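Down below is the structure, laid out as C-alpha cells.
When the chains are written out, they are named A, B, C and D in that same order, and each has its own residue count from 1.
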C-alpha cells in the first residue's frame, strides 16, 4: 500500500451541491479517506488557504474543484490549486461549463448589482450599497473579492485535466470518477486522455432513456411539465415537453425524465457537439409542425425563455461570447 | 346589337366565283402586300373576314371591293392559297348584283347560261328587227344616203332610245350603290355642297383611271386607258356624228380618223385581254368567270363587225356592209343593253363612284378616321386589329 | 477609414448559390463584403455554423435558400424557416443584434435580387458596427 | 489546424480564365500568397485551368509532387467541378480530394475594385485550402437492380411501358384502378391528326398486355405502400375494398395514372347541364362512336359550335393549355361534317395550337372544309342563350370576335365544350406514396424539364403520359417508351451506382432520439428498434443534409459537407 494520495476539494461559485454529492457516496467516502489525505475541503475538514500556498508545486496529487469562477477569490484559489496539483479536475457543471451561475453572463455585473442591492426592496433605501473590493467599517479596512463582469468555466481560467459533469454529478459517477483517478495515479489503470470527460458516457441521454420514441415527433405547441397529463412511457419531446436530453451527454442515469421531469442538460453537450444550445435549436425546431412563419412564432411563444433552456448550464462555454466590457 | 353570323354567305359568293375563302386564317400578309390597304380600307383582309363570317350588311355597304384593282399581289403572298384577289373580284360581281334592282345581273352571275340565252335572244330580236325594218324602209344594196338600208337618221333615234334606257338602268343602280354605301349610314352628315364640291372626282377617275395607275404593275392601267378612251370616242362619234360616219363612200378623215383609232384601240385591248385570259399569265386573268368571256367576246364582235362594215362600205360592197351592220347591232345591243347596266361593264360606273363616295365619307367623318391619301375615305373603323 | 464588415453567407446549392452565379454571369456589381459558403440545402445550415461564424469574427451572417415551395429537396427550406426564430431568440438573449443574422429566399433566377440583398445587408451591418462577439471573452479577460 | 495541414501536400491552381478573372483579380498575387500557407506544396496561376493543358498540368503535378489534395480557384463549381474531379481521378487521386474556390462569379465579375476583389479571392482560396484537408476519399456505391417493374395505370402509356419492359424479359406488375385496360383512349372514336381509329390502336395493346406471360395485371387495385429504394422497392398492392395487400419486389416504378377530364359544370357560365344541347367533347365522342350526331330532340344539327379552352387557359380554372383539345376540335369538325353533311361548323377559339406533326395540315384541311373559325379573348368568354322563336336555330352564342372586332351572335343547334385535362384527385396522395412531387396544378414534376422529363427527383420512380402534364397519344407513348428504355438500361447494368454524396449515421454516437427520422424527405432514414439506432439507406439519400444539421448528437455526417469541412471554411473566409 503506497503512501496516501494528497487531495484537495474546493468550491468556487457553486451551490454546494457538488460537495454534498461527494458525501452522497456514503461509506465510499471512508475508502476515499483510507486512500487519501484530504488537505483542503472547506465543507468537510478544516484547512487554510495559507496551508495550500505553503505547499510545493505539484504536491497535491489531485485537486477537485467544483463551482465556476465568479470573483477574484475563485480565480485565485483555482490558480493556486492548479499550481499545487498534478491533476486538476473540474467537478460538476459549474466548473465544467459555467453552470447555472453563468446564466448571469446573459446580463451584466451592473445590472446584477442594481437588482440585488440597489433596487432590492428588502434593503432600507438609506443603507443601499454594492459590494466594494475595499471598504472601511468601524475604522477597519474590509476587503472583499472582486466581483467579475462575467462567470467563467474553470478551463477558461486554468488548465483543466479532467471534467466530471453533472449538477451535481450523481454519486455513482462521482465514485467512478474518483476510482478512475486513483487507479490512474496508482498505476492500476491507464490514465484517461487529458481533457477527457470522466464519470459519464459517450452518447446522448436518449440512449439510456426508457421512454419510447416514434418517428412522429410533430407538435403544435410546447407544454411546461405541469401543463399536461404526461404519458409516463412516451418520449417527453413527443408530448411537447421540451427535454434537453437529446443533446445532453448521458451518465446521470436518466433520473429526471424517469421521474417525469424533462432533462435540462446538466451533463453538457453530447460528445462531438460544439455548442449545446445551437444543437438544441435545430433539434427542437425539427418537431414543430407548421410551414407558416406566423404559426411557427405562435408555437414558439409556448416555449418561453428558450435560451436558458438551451444553455441552462453552458452559457459560459457557449461559442457566443459577447464582450460585456464596453 | 350583335350581328348575326351567316355561314351560308360564302356558299352564295361561290356562285360569283369566290373560292378558298375559308382557307384564310388572317395572318394579314395580303393586306401587307396591298398598295391600297390603309385604314379604314384594310384590303383585302377585312372583306375576307366579313365574308367568312357572312356579315352581309357590312359587305353590302363596303366600298373596299371597288378600291381593289386585282393586281394579284395579295393572292401571290397568301400562305394558305386563299385567293383573296379573286374573292375581291367575286365581291365586285356580288355587289353589282346587289346594286341591280331588277335582279337580272344576279341571275346572270349565278347562272351564266341565263346570261348567254339573254344575249342570244336579244341578239336575234335585234337582228330580225333591223332586218325587217331595213327591208321595208330601204334598199339592201344601199348603205348610206337616201333610201339607205338602215338610214343613219333613224338608227340614231334608236341609239338615243337605247342610250336612254341603259342610262336609266345604270343611274338607278348607282343610286342604290349610293344608298348602301353612303345614304343609309346615319353617322354621315353630308350637304348638297359636299356632293357638288367632290363631283369632279367622278369624270376625273372615269377618264384617268388614276387609282389603277398607282398599282405597281402599270400595264393594266395603260390597257384600261386605251379601252376607256376608245370606248368614249366611239360613244361620242355614234351619238353625235353617226351621219358623218355612215356617209361616204369617200373617207371623211375628220371623223373616220377618230373612228379607226378607237376601233384599233378596242380591238387591241380586247385581243390582249382575251389572250391574257387564255394564257392565264396575270393573276387577274387566272380565274375567269363565264361573264368575263361573254363580255369580251361581245366587245370583240362589236369592234370587228364595226370595222368590217366600214371597210365593206368603203370598198363599195354596200349589201355586205349592211349585213355586217345588222350583225354589228346584234352584238352592240346586248352588250350595251345587258352588260352595261347588269353585268361586268357596269364597273366603269361603279369604280369612279366608289372613289367619289369614299372621298365623301372621309369628308363627312374626318374626326373618326385618319384621312388617307387617295382615296381618303372612311367608314367607322371597328376592328381593333384590322 | 470606414468600417468594412465581414459577412459570411451560407447559400443553398440549387437556388441561392446559382442565383449568386447568375449575378456574376450578368456582371451585376455588389459589395465585396460577403464570403459565400456553399451547402446543398439551406436545411444543412446547422445553427452552430452561424454561431461559429460570429465567434470567428463575422459581423453578419446571411442564410439563403430557395423560396418556400421551391426547395430542390421539397421542404428543406421550411426546416430552415423553423430554426431561424429560435436562433434569433438565442442571439437576442446573448445581446447580439438580430439584424446581424438574416434568412432570405433567393431563387436561381434572382441575380439582381441577390446583388441588391448583399448591398443592402452590407450597409445594414456597417451601420451596426463591429460585432460584439468578436473575441468578447478575451476582452473581458483583459479588463478583469 | 495548421498541424493537420502540415501533413498534406496541397496543389493550388488559380485560373485567370483568359482575362475574365485576371482583369479584376491579381491571380499571380493570390497564387503567390497561398504558396506560403502550411501544407501547400505548389501554387500556380494559369490562363485557362479548364483547358486541356490546364488539366494536364494538374495531373502532372499530382504525380510529380505527389499531391494529395487539389484546390482550383476558378469559376463556379457548377461550371467545372466535374471537369476537375475527372482530371484529379485521372492522376489516380480520389476525385473528392478536390475543392473549388469560385473567384469568377463571386469576385472578378461582381466587383469593381481590384484590391478588394483580390483580397476576397484570396480569402475564398484560403478557405478552400483549409477545407480541402478535411476532404475525404469517397467512393460511389453500387446496389443490385431488381429486374421487375411496377407500372401504375393501364392506359396507353402504362400499357406501352409494361409491354416494352415485359418484352425485355423482366416481370411487370400492372396496377389498374378500374376493371379494364385502355384508359381514356377507350372513350375516343378517331384520333387526330390522321383520323385513324383509336379503337384499333388500343385494342392491339390491350390484347397483347392481357396475353403477355410476363405481365401480371391487378384490376380494381391500387398501390397502398412503397418501401425500399431504387432497384429494391417493395410495393404493396391491394384490391379496392379488401385491405389485404399483396407485396411484390420491384426495381423501378412507372407512374402512368393519366388525367381526368375537366368538369364543364364548374363553369356555370356555359349552362352545361341546363341547356340540353350544350354537351362536352366526351359526350360528342360517344355520339360519334355510336355513329349518330344529333340534338337532344333527335334531329341532326344544322349549326354546330365547338367552344375551345373550356377550363383551360383561364385563370379562374386552369391557366395551362390542355394541349389536345385544339386538334380534337378540328377532328370533330371533320367527323361531324361526314355524319351530318349539311351542317355548318363554327369553331370558337382563343388560339389554335397546332404544334405537332401533321397538326398544321389538319388545321388547313379543316378550314378548307368551310369551318368558320371565330376568335375570342381569353377573359371574354362566349355567352350561350336560347334562340328566339323566329330563329332557324336552337341557341345563339354571343362572342366578341377579335379578328373582326365585331360583337357577333352565332346560330347553334349543338354546342360542344372542348373540356381540358386536369390532374386526378388522388395525385397528391399517390405522390406522397411514391415520394415524388406535384406542381401547383397537381401534375407530377419531372427531374429536369428539358433534359430529364421522364425521371423524377426520387431514384427509380419514372413518370409517363398525361400524369406529368397534358399530352396527346404519341407524346404519352414516347414518354412511356423512354421510361421503359431508361429502366432497361439500368436493368442491363445489373447494379446501380449511387452518388458518393450521402449522409451516414455513426452508430456509436446515435442515441436513437429519432429527431432525424421524420425530417428526411426521402424516408431514407430507418430506425432499428433492436439496436435503438437510426441508419441511413444511402441509396435513398440525396445528401440535402437536413438530418445532419438537426442531429443533436452530431452523429450524422454529410459526406462531402462535413461539419469539419464547413468549420474550416468558415475560419478560412474570416482569415
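Here, contacts are C-beta pairs under 8 Å (C-beta built on N, C-alpha and C of every residue); 3 or more make two chains touch, one makes a residue touch a chain.
Remember, it's a predicted structure, so these values are computed and weren't measured experimentally.
Enquirer: Consider the two chain pairs C-D and B-D; indicate the one with the greater count of contacting C-beta pairs.
Expert: Higher C-beta contact count between the two pairs: C-D.
Enquirer: Counting in whole Å, what is the centre-to-centre distance of chain B and chain D, each centre being its mean C-alpha position?
Expert: 67
Enquirer: Could you please state the distance in Å, as a whole number, between where the Cα atoms of chain C are centred and where those of chain D are centred?
Expert: Roughly 31 Å separates the two chain centres.
Enquirer: Nearest whole angstrom, what separates the Cα centre of chain A from the Cα centre of chain B?
Expert: Those two chain centres are 114 Å apart.
Enquirer: Where the CA atoms of chain A average out and where those of chain D average out, how many Å apart are those spots?
Expert: 54
Enquirer: Of all the residues in chain A, which ones touch at least 2 other chains?
Expert: 274, 279, 282, 286
Enquirer: I need the residues of chain C touching at least two other chains; which ones are they?
Expert: In chain C, 46-48, 52, 75, 79, 83 touch at least two other chains.
Enquirer: Would you please write down the residue numbers of chain D that are in contact with two or more other chains?
Expert: Residue numbers touching two or more other chains: 519, 549-550, 563, 567.
Enquirer: Which chains touch which?
Expert: A-C, A-D, B-D, C-D
Enquirer: Which of the residues in chain A end up touching chain D in this complex?
Expert: Chain A residues touching chain D: 202-207, 213-218, 235, 237, 245-247, 250, 270-274, 279-280, 282-283, 286-287.
Enquirer: Of all residues in chain C, which touch chain D in the complex?
Expert: 6, 8, 17-18, 20-21, 23-25, 27-30, 32, 35-41, 43-49, 52-53, 56-58, 72-76, 79, 83, 115
Enquirer: Chain D touches which residues of chain B in the complex?
Expert: Checking each residue of chain B against chain D gives 2-5, 7-8, 10, 20, 22-26, 46, 49-50, 52-53, 55, 58, 80, 382-386.
Enquirer: Within their complex, state which residues of chain D touch chain B.
Expert: So the residues of chain D touching chain B come out as 303, 344, 346, 352, 363-364, 367-374, 398, 401-411.
Enquirer: Can you list the residues on chain C that touch chain A in the complex?
Expert: Contacts found on chain C: 46-48, 50-52, 54-55, 68, 75, 78-79, 81-83, 85-87, 89-91, 93-96, 132-137, 139-144.
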